[in-house]
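I'd like to ask some things about the structure below.
For clarity, chains are labelled A, B, C and D in written order, and residue numbers in each chain start from 1.
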Amino acid sequence: MTINILAFGIAKEIVGGASTSADLPSHTTVAQLRRRLEEQYPQLGKLASYMIAVNNEYAATDSLINEQDEVAIIPPVSGG
Amino acid sequence: MTINILAFGIAKEIVGGASTSADLPSHTTVAQLRRRLEEQYPQLGKLASYMIAVNNEYAATDSLINEQDEVAIIPPVSGG
Amino acid sequence: MVDILITGKPIDTQACINMASSPQSGGIDVFIGTVRATTKGKEVVRLEFEAYRPMAVSEIKKITVQMLQRWPLHHIIIHHRTGILKVGDVAVVIAVSAAHRDAAFDACRYAIDTLKQTVPIWKKEVFLDGEEWVAAHP
Amino acid sequence: MVDILITGKPIDTQACINMASSPQSGGIDVFIGTVRATTKGKEVVRLEFEAYRPMAVSEIKKITVQMLQRWPLHHIIIHHRTGILKVGDVAVVIAVSAAHRDAAFDACRYAIDTLKQTVPIWKKEVFLDGEEWVAAHP
């Protein structure tokens, strides 16, 4: 399946745009997605931390990602 | 000496006006003034508490009162 | 800047906030005390605030001196209303700015807590069936 | 009432306060986060705020639900600005009203502390000689 992944803040600069995409086997976990992203974008691994959001919720590393999910890279937040 | 004493809040109602006066011997302390006021206005003694201010400062009970001092009865404050 | 005002006119909250703002400040905490419609289950018709004005200003000034000693603050604005207030009217505004928000929050809270304990201002609650000077009796 | 807004336009602080006011409220605590002129000794030219808007609204809503569970509050207003801000501009306003001030103070502080930890909004500081996404790197 092909997953579209939104990127914000510094992640937008790292992936070179407001979104990127990844071809993933079905039943991919968040942990697997993170590994894939860090292979493709080594700078992601150098952030203080980052989270993956699935459908507007912070996702646990063992969550499964489905093809229709809205997936986003959430670098360290700094609002307020 | 005759001392003019300002009254505020409920003290104004107790003394029947914005000020009252007391004839006191010189070298009167705040404690002596309080006793004199409570004799004259027994309702003062029934307040939750009250303070005497001398020249815009809360006065200790052993402070001396002088003829030119600005003296005031300060019932429990409730601003804010 | 420290700005203290005891006034018979309505308090301009936005003006207090503007006075507290500065390019060095990252956070402003503002406390706004308003007249509640009910107190101890009784409906409030109006409040009457009375101040011993020179001493009230002097006591508020003492609070601001303590605040500046205790926290790294930029500006402190304390405006208190006197006279007859209706439900919803603003009785007091305290605006405190600092580079970081913790100092602003702590100092603002200290200001209102201390003001209520030490500043010679009195509040009479007027109900439909009577009136009462707040805190006067045990 | 709970009112949450993420907006590219200037925040109207007084409107937030008015929304937080109610006849039942005795205290409103307002936190105003503004853009500081310097950070870590460097002069700030401007800030750029970016939000993942639907998730940011959803995370702020969670904060307000927690606040209402934890404190007896009347109204919670949280407005956050996005886009390019200059020094002194208002980035966030949080206004919380309650019958008594302790709840308003505690809840307002909880709101800004939690917002800074969980809400997907990002701030880029632009200096004379470079720029930096805040908190991005260790």
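A few notes on this one:
Following the convention adopted for this analysis, a contact is a pair of C-beta atoms (placed from the backbone, for glycine too) under 8 Å apart; a residue touches a chain by one contact, two chains touch by 3 or more.
Nothing here was measured: the structure is a model prediction, and the numbers come from that model.
Taking the definition of touch as given, a chain qualifies here only if it contacts subunit B and subunit C alike; none does.
Taking the CA centroid of subunit D as reference, the farthest chain centroid is that of B.
Chain centres here are Cα means. That of subunit A falls 72 Å from that of subunit B.
Taking the mean of the C-alpha atoms as each chain's centre, subunit A and subunit D sit 26 Å apart.
With each centre defined as the average position of its C-alpha atoms, the distance from subunit B to subunit D rounds to 48 Å.
Annotation for subunit C: residues 33, 112 touch two or more other chains. Checking each pair of chains for touch leaves A-D, B-C, C-D. On the side of subunit C, the complex with subunit D involves touching residues 13-14, 17, 21-38, 87-88, 99, 101, 104-105, 108-109, 112. On subunit A, the positions that touch subunit D within their shared complex are 6, 8-10, 12-13, 46-48, 53, 56-58, 72, 74-80. Those residues of subunit D that touch subunit A in the shared complex are 33, 49-52, 54-56, 58, 80, 91-92, 112, 115-124, 133-138.
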